[in-house]
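For reference, the structures are reproduced in the following blocks.
Two complexes come next, and they have one chain in common, subunit A, joined by subunit B in the first and subunit C in the second.
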Partner chain A sequence: MKSLERVLGPERYLRIRNTSVLMVGAGGIGCELLKNLILCGFGTIHAVDLDTITLSNLNRQFLFRQKDIDQSKSLTVVKAVQNFNYNDCKLEGHHGNIMDTEKFPIEWWDQFSYIFNALDNLEARRYVNKMALFLRKPLMESGTTGFDGQIQPIFPYVTECFECQPKVTPKTYPVCTIRSTPSQPIHCITWAKEFLYHQLFDELEDKTQDQRRQLESETLDRQEIDNLLRESNELAELRRMVLEPGSQFAQELIHKIFQVDIERLVNIESLWRTRKVPEPLDLLELQHELDALLQEPRSQTILVKDTSTWTLLENLYVLIRALESLQKRISSGEESCVPFDKDDEDSLNFVVAAANLRSVVFHIDPKTKFDIKQIAGNIIPAIATTNAIISGFLVLASLPFYDQEPRSRGDFGPVPQTSSTVFTSIRPNKYVTAAALSQPSPLCPACSLSARGILHVSQKDAPTLGQLVEIIKKKYGYEDIALILGKAKLIYDVDFDDNVDRSVLEVAGFVSGELLQVQDDNDELENLEFYISLGDKNELPELVLRQKVKEKEKVKENEENGTGELNNGALEPVEIIDDEVEEPPTKRQKILDIID
Partner chain B sequence: MATQLRLRSAKILVINLGAVGTEVVKNLVLGGINSLEILDDSSVVEDDFLSQFFLPNENVVGKLKLPLVIDRIKDLNNRVNLSINTHNISESILSEGYLSKFDLVIATELKKDEMIQLNKVTRKLNIPLYVSGVHGMLGYIFTDLIKHESTSEKDLGNQPRETGTKLSPSKTITKVELNLTKDKELVTVSDEFVELQHFFVSKNLPTQLNRRQMKRLSAAFPLIFSLFECKKEQLENMKTEEIVALLRDTSNRICDLFGIPQTVVTDLSIGAVLQQAYTEFTPSAAILGGALAQDVIQFLSGKESPINNCLILDAFRSEISIYVL
Partner chain C sequence: MSLCKTRLQEERKQWRKDHPFGFYAKPNKAPDGSLDLTQWTAGIPGRPGTLWADASFPITITFPEEYPSKPPKVKFPSGFYHPNVYPSGTVCLSILNEEQDWRPAITLKQIVMGVQELLDSPNPDSPAQEPAWKAYSKDRVTYEKKVREQAKRYATG
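The block that comes next holds the complex of A and B.
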């Protein structure tokens, strides 16, 4: 017997050899995970990623080399691992967005026995979670920040899904702190990136009104509000100068934001009663030395000194160089705007230098380019070893699923009860903590509100909308239903039967990959969400619907849980408050009101 | 950045490039260590292809291992000074002249007497030592870092931390500096280590674990220590029933020695370890190699307090416990 067969057990070994799994994300965790999957002998492995390789990936994503920069991550990993594909696993890389329903229709997803998430963003995670719910396939979720990492096996409708626990949104700061009274490096970095850089080089929407309203909600200081609005208007002027090559754009900008604006701020005395007064830069005094620095070719090396703190002059130098470079890119017409990207040297240099100069003005310690890159990129540095540890657990935790013969869809046998979520927690007496999986949350916006399944519709022999309504009612036991296509398009209810005689294929928007929601008019049974798949058969998924948890009970539960929030952002449309109605409005009402 | 500097000056020796060795080397080379030497005199065997991913994907069984992998390791990060040594391991680990060239030694897959001998030399030379190995779903990391101080910034707790507090029998807070403006404390922890030979006769477990914890102890602990008493070559020539009897007998002795209830080692766990003993398995090796490399980096930077002193991985239970032996 081969050793791998011995460790895994002969039956499990065979199942793993003959199965097909999906890995979403081929970055830090993905590289490690793919190595583990291959060396455990998984028969077929598909890897999907939409990113290309950047320089900053190389020090922790061990499958990538210098020569791979700008190449597709997914296509590169599947090639790189051939070096040690000792088990002859079949590998397929897909360069693309996992949320692309044309490239990755639900039938494609259905070929996999397990889905492994190695993603770094919430939106894609939510989408993959939803696919797992539709298909009732096990999903292994993972994430790391710094020394912290976690894995969570998800068995749809049996254990907690990705959305059962509300996710923390990134911290925001009051506008006034950012714009008038910063006291920490993060305030200056946020100002440089979100405000200044955005105003000058990013795509702009007109938000003057919003701005005033937000400011008014934060401060009563008229003088401060007017001053901040004036600053913004003047910046808009400067933005126009970006398009004029040869203009004194850089000099004027620096003069305005680090001298004129600050002098004005100093004059608003109400701001400085308990704070240290900022000190405007005296550019005239610095001009001579700055010119010398600008003329010296060797000054270029400052730009790559990313682990030492730049001096005031060095920051000015970097800012001017970044401004010139950005102006060139935009005025040449190559790019209409340059959104901030931590991996774009010009935009990063701009933000680092501007944030540091502002720090100097407000008596805050400046930071190194390396540090600001981490902060501005909202990243706690990913640590290769954490990824390695977590990827080991990802594969280990998937193994029990292959202990048993495949069962019917959605039936995971005893595996969910014996599986655990694992997270690193480094203590003197342990390194990780494992916890049993929880039941799905009754308040979960993804898995508690509706049952899910795939609705197969034959392109040759499609039913009329009326027929479809009758089939659905009969199959699942609804008395009356409403059908909503996509986010909010009502296509049928008892009072709206205009389409019943038409084939569903003639209903605009009834296409593969679109979602169709079924709502119970009597509010007894839970909602049903179908993923529409046009093909060569008519078929409805086998599902048993749960009784609806009434809104009132939910509110009660919510209060007990201490969140006090209804539905926790369950549906996109905002809740409509209607004093006339005694019952809380149903979801359908909400959607209908929006359509009207 | 101080971390990077210390990493860039450290000279590290990795003994044996098995599954854990491969993972450790990958992580340290990616992490930007200054110089790394790999000592391994073995030739490639069939089982090496289970997890040693630097090996070429071709039939190289019987060839000396290190020359086959060196280029691929270098390719990960060419700024690391990488060297290989295929000199006899048993001799090298006793050579003071050789070992004194290094700042830190990581030894994997050593036999009990080998690690004790090596440890005698590292102690004499005052070189910190990590030892690690894997048996399928089970694995261990032992540390003898002699004496160490580390300082890291911690969030302010409900109560201020106090100098003199013992975090474990071998970890003591020796200094606390408050940084109220950032709600942080700068905490210095001092770690004391014992020689590895004391591990095998330690009476410390019952003082760390209460009776309930003792009863729920992972069988991985006594079984890993039992395997140190049963050599690989010996097991290879035995029938299954004989191995079961041997493991049962040995684990009973080990349990008594450490004060662990014999019931911890069930027939099921012996059956499982039968399939796992001396077998490499990538996910376990990835976890051990990740934890070990991370600890080495922390150790060199003097930041987080290191593993002290016996880490046991039980992948069946998704558990990694650390005991002070």
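The block that comes next holds the complex of A and C.
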């Protein structure tokens, strides 16, 4: 008997040998995870990723080598593991977007007994979560950021799904805050990178009209708009100087950006009623010291002091050096533009120094190069060890599911009760903590609001929209319904019957892979979400609908909680399994912002 | 996200059951023959007895994907004369501002009533356009004349 068989137990071993699992994402966690899946002997493993390999992946995505750069991650990863594929697992790599419904229709998803997420973005996580809900398959969700990591087994409709805990969406800043009235370092960094650097060195499209329109929708002040547009035009002039070697480009730019523009802003009094007035740089006053710094060869060392905060003069020095270097690269014809890249020293130095100088002008604390690199480069620290530990837990946590004979769809037996979500961190006594899985949130926008199933529609013998409405009403017991296709296209309700006589196939957007939501007009039954599958039969899924929780009660409950959020009210208390932990893990909602 | 469309259809239903007198609100028809629940057209009647009376002012309401976490954007036709309406027509109102008084529980009805209220009670501390704001604060005669002229253009039967 093989040792693996002894470890897993003969029955479980056999089930694992004969099953097929899906791994979504072949990056930091994916590499570690695939290794573990293979060494555990999973019979068939499919790996999906849309990405190609880059240099910065190689430090932790250990299945990739220098020679693999620019190759597909998913295809490379399945080849790379072959030399330790001792259990003869069948491997299939798919280079593509997991959300592509033509490449990965729901029938394709149905071949897997378990889905493992090794993803780095919210959109794909939400999509896979939804597929797991449709198919009622177990999903293992994961994420890491630095030393923090989390795994969450999801048993659809039995335990919390990915969307039961509300996720924070990334913040965007109004143009006016960025351009006229910054108040935090991030505003200055965004300005330096997205606006100033972009305007000077990156590829440009003509967006003057868009810019005016966007500004007008935001600001109160015509004077401010005109001023901002004027700034942009002048910047375009300066951009031309980049191409003229030997011009006073650096000096002119600094003079304009940190003195003239700021002086003009100061004059718009309406902006400074409630804010501290910015202070333009006085370059004449600084010139003497700056020249000395520029002539001193040892000043070079400033550039590598990336964890100390540079002085005003040091920032000016770095900015001038970066400008000279960038100008040289572009005016020599080597490059026509230099898009921002955190690993391009010139572009990074420019952004760091420009952001800090702007901070000084607006009385904001400057930051170190190291800090700004993280922010401007959207770097979420990735640590190979965390990924490895988390991937270990991913596979271990999936094994109990194979302890039992396969049951009917959506029935996971006692497994959800004994499964836990696991967190790792470097806080003492909290290296590894576990928590029992919570019940689905009754306010979850994904798993509480509706039942789900696949709607099969025959391409030869499709019903009209009106017929479909009647069939749905009769089958599930609705009195009246509204039908919403995709994101927000209403195709039918009691007040809108324009389309009822058309065949559903003629309703725009009624295609395979699209979602069709059924909403009860009488508010009695829960909503229903169909995944449309066009084929050779007409068939509705067998589902028993639950009574709806009344919207009004939910709102009331939320008002009482003081959150006002519709989807925020019902957080279940966390039950801690580990005795040594006194506080609940604080990383409950973590998975969202986590990379590979 | 699914919360957005579910809520929007709910708003449509509530509006059908009960909406304030003289108002209308409906999702726009898309070129493909469906109704786009994220784009609405509505009419705000001026309150009787005010400068805005006997007219119905058209607005568009655009709901973002993050609705109801984030508020919709409400616009009059561009160039609309009101101290708190930007030149583009965008309405500046605290309940429509995520950082101020927007809450996900605010309904379509409350939004349109809020806009109606704003018509005759501008907020002088939050100017959004120069002409109406200046006139409102310094030259009330001109302001009232302009508002009346505008109301005439949007007069109801």
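We take it that the second predicted complex is superposed on the first by the 348 of 596 C-alpha atoms of A that agree within 3 Å, B and C clash if a C-alpha of one lies under 4 Å from a C-alpha of the other, contacts with A are read in each partner's own complex, and residues count from 1 in each chain.
Methods note: contacts are C-beta pairs under 8 Å (C-beta built on N, C-alpha and C of every residue); 3 or more make two chains touch, one makes a residue touch a chain.
Computed from a predicted model, the values in this text were never measured in an experiment.
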item	value
Partner chain in contact with A:Phe496 - subunit B first, subunit C second, else both or neither	second
First, second, both or neither for A:Cys40, with subunit B first and subunit C second	first
Partner chain(s) touched by A:Phe84 [first = subunit B, second = subunit C, both, neither]	first
Which superposed partner A:Ala488 touches (first subunit B, second subunit C, both, neither)	second
Touched partner set for A:Ile426, first subunit B, second subunit C, both or neither	first
First (subunit B), second (subunit C), both or neither touched by A:Asn129	neither
Partner chain(s) touched by A:Gln517 [first = subunit B, second = subunit C, both, neither]	second
Residues on subunit C engaged by subunit A in the complex (per definition of touch)	1-10, 12-13, 16, 27, 30, 32-38, 63, 65-66, 68-69, 86-88, 90, 92, 103-105, 126-130
Residues on subunit A engaged by subunit B in the complex (per definition of touch)	3-4, 6-7, 9, 32, 35-36, 39-40, 59-60, 62, 65, 82-86, 147, 307, 368, 370, 383-389, 391-393, 395-397, 420, 422, 426-432, 434
Residues of subunit A that touch subunit C when the two form their complex	126, 169, 213, 216-220, 222, 445-446, 449-450, 482, 484-485, 487-491, 493, 495-496, 498-499, 507-509, 517, 519, 521, 527, 529, 551, 555, 558-559, 564-567
Subunit A-facing residues of subunit B, complex	1, 4, 23, 26-27, 30-32, 47, 49-51, 53-57, 72, 75-77, 136-137, 167-168, 171, 208, 275-276, 279-287, 289-291, 293-294, 297, 304-305, 307-308, 311, 315, 317-324
